[in-house]
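Per-chain numbering from 1; labels A, B and C assigned in written order.
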Amino acid sequence: MALIDLANPSRFMAFVARVLPFAVALTVVAFAAGLYLAFFVAPDDYQQGATVKIMFVHVPAAWLAMFCYATMTMASLGTLVWRHPLSDVAAKAAAPIGAAFTFISLLTGSLWGKPMWGTYWVWDARLTSVLVLLIMYFGLIALWRTIEDPIRAGKAVAILTLVGAVNLPIIKFSVDWWNTLHQPASVIRLDGPTIHPTILWPLLVMALAFTLLFLVLHMMAMRNEILRRRVRTLQMRAAARQPATATAQAAE
Amino acid sequence: MTGWAQALILRELRLAVRVGGGALIGVLFFLAVVTVIPFGVGPDLNLLALIGPAILWIGALLATLLGLDRLFQADRDDGSLDLMLMSGRSVELIVLVKCLAHWVGTGLPLVVAAPVLAIFLNLDALAIGAVTLTLLAGTPALTLIGAIGAALTVSLRRGGLLLAVLVVPLTIPVLIFGVSAASAAITQPMPFLTPFLILCALTLLSSVIGPLAAAAALRHSGD
Amino acid sequence: MQLVAENLACDRGGRRVFAGVSLKVASGTALAVTGANGVGKSSLLRQLAGLVPVAEGVIRLEGGDDERPPFEHCHYFGHQDALKPSLSVAENLAFWQAFTASAPGLKAGAPARGVDEALEFIGLAHAATLPAAYLSAGQRRRLSLARLLVVERPVWLLDEPAAALDASSEGRLCELMSAHLEAGGLILAATHQPLRLANTATLHLQAAQ
């Protein structure tokens, strides 16, 4: 099956029905492995003790928060440029998931910050830009809920998503200059990761598990959205239908 | 409560949560306002803790005012307001019930969100409790006073901005006693209860003046 | 029961729209208000509905509940449908049924219909649970009309009642109106077409020269 075939919502539904069980199984296995590695293989930090385990949720959630926005950006391009019939469904389905990952990364970050920095929240560049990302997600969801017609809503949201995609890096760099406390990047660096393999491997497995979780949730949410639109079409058709009884009465 | 009031509350709440209702946009605005303040005043946590109650109160005030412009206008635009005025129910009570439903839909979420936002502003547990309590007691007054502005601007195309201009001066007492009660809880020597009780009194007073004035304005909105 | 208006005058935006309008409508009769556009048909109905201030003259309802103003005995069916798109068809109607106070004045044999019955009657029973947003203009109009059936009020003020209705719905509207007259109600309708009802008088509004 070519990728283009998935553009057809019915084919997509069939594809999801076939793939979803395997994807769910794979996600469960990845999480089991990731959690095992994180709790029993990765050593406690000599300074932070067991609190360092928060990292195995915090970092993948933060990655996924951005990955999800990237997905929405691609989908928005699909909506505006290629008018792909499924792309605004993809964008709409991704937004709440992205907001949830963003929220999880903020929540775990602040729980981690309390023992590390002595406060739940600081107006650090990294934290602030993620908070702005969360507000962006909420705004997109709100815009979607305000416009009743899904096609019109999809276009409006796609424009806002793309503007946000341009603006987020700017926000990121500007708040970097504004205030910084968060530790610098330590996994993806030109000179190789700076953290020990016993921590790196569990982290990568957890990241894989989170990505799989996102894929599963995204497919399910897209399926729900397609069904929701079908229900809407059926309802509109049902409303337009002239009831047989009424015409019979009028004919009397 | 009588049947018609229940029916009205149910309708308003349904409208608020369904598509196009915008029940949670007020909370989002609240979040956005509280987020941009530190960019203006700087990220100094001690300073933020000091002015935190004021930030939360001003955020709640702005979020309430912005949500109010559709309170009567939506009903006027589709002819519902006409039918309400000739429904045989007391217009004052209709306003009161609509304000109650509006507060549950927009004001109460602000109160619920306030403790989370207070963490961003580095407030301690006592201060968080005090701010939330004052918001719980004070935001109904904001809605009720704002309803006067909403009724006065109901027939205007660009009523929203004018509404804010009309209402902000009237809400100053609420803001003063709300913030001073919350600040009193942080800086111990001052009493919390005195300004808090005045705040409660303001809410009760506005629950009388607000519906009376708004109903008078609505009755004269017809042309 | 008799609705009487004497010497009504109406000002809108500082301009006198009409003056010296008197009318009398008794139970069981209808009054068609005709006239050119802008002559004040809608304003007259809105005055009777208590929505536009009366510049001069009096409106009274003889034989109604004296405790309540005349307009609380009236149903007003204007250009706007007073429907919320996000509520379902049945929710819209049920709200107005619960919210609007009924007024006595009809014969005992003409009780207000329930929501389901009224929807059945106007041919929207199949759409009861659907959002009102999905209705066509004619369907919205009919749903708005159903409001008159679920709450008992003796006086119907109808502003262009047949607008946006197809032939069969218009026939249904005529049926409703004659049933209302038979039950002892009274109807004032601003209209361009003649009302196909028994006991109809006409009030022709003409611009002052």
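Operating definition for what follows: contacts are C-beta pairs under 8 Å (C-beta built on N, C-alpha and C of every residue); 3 or more make two chains touch, one makes a residue touch a chain.
Worth saying up front: this structure is predicted, and the values here are computed from it rather than measured.
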- Message: So if I look at the partners of chain A and the partners of chain B, which chains show up in both lists?
- Response: C
- Message: Using only alpha carbons, which chain's centroid is the nearest to the whole structure's centroid?
- Response: B
- Note on the structure: By Cα centroid distance, the chain farthest from chain A is C
- Of all chain pairs, which one counts the most C-beta contacts? B-C
- Item | Centroid spacing, where centroids are CA-atom means, of chain A and chain B in whole angstrom | 33
- Task: Could you grab the centroid distance between chain B and chain C? Build each centroid from C-alpha atoms only and quote it in angstrom.
- Result: 37
- Message: Using mean CA coordinates as chain centres, what's the gap between chain A and chain C in Å?
- Response: 53
- Among the residues of chain C, which ones contact at least 2 other chains? 85-86
- Note on the structure: For chain A, residue numbers touching 2 or more other chains are 148
- Note on the structure: So chain B residues touching two or more other chains come to 19-21
- Residue set of chain A touching chain B in the complex reads 110, 119-124, 128, 131-132, 135, 138-139, 142, 145-148, 178-179
- Item | Residue numbers on chain A that touch chain C, as the complex places them | 148, 235-236, 238-243, 245-247, 249-250
- Message: Show me the residue ranges of chain B that touch chain C in the complex, using the header's touch definition.
- Response: 3-4, 6-8, 10-11, 14-15, 18-21, 78-80, 82-89, 222-223
- Write out the stretch or stretches of chain C touching chain B in their complex. 12-13, 46, 49-53, 68, 71-72, 74, 76, 78-87, 91, 94-96, 98-101, 103, 147
- Interface residues, chain B side, partner chain A - complex: 19-22, 24-25, 28, 31-32, 35, 38-39, 43, 45, 48, 119-120, 122
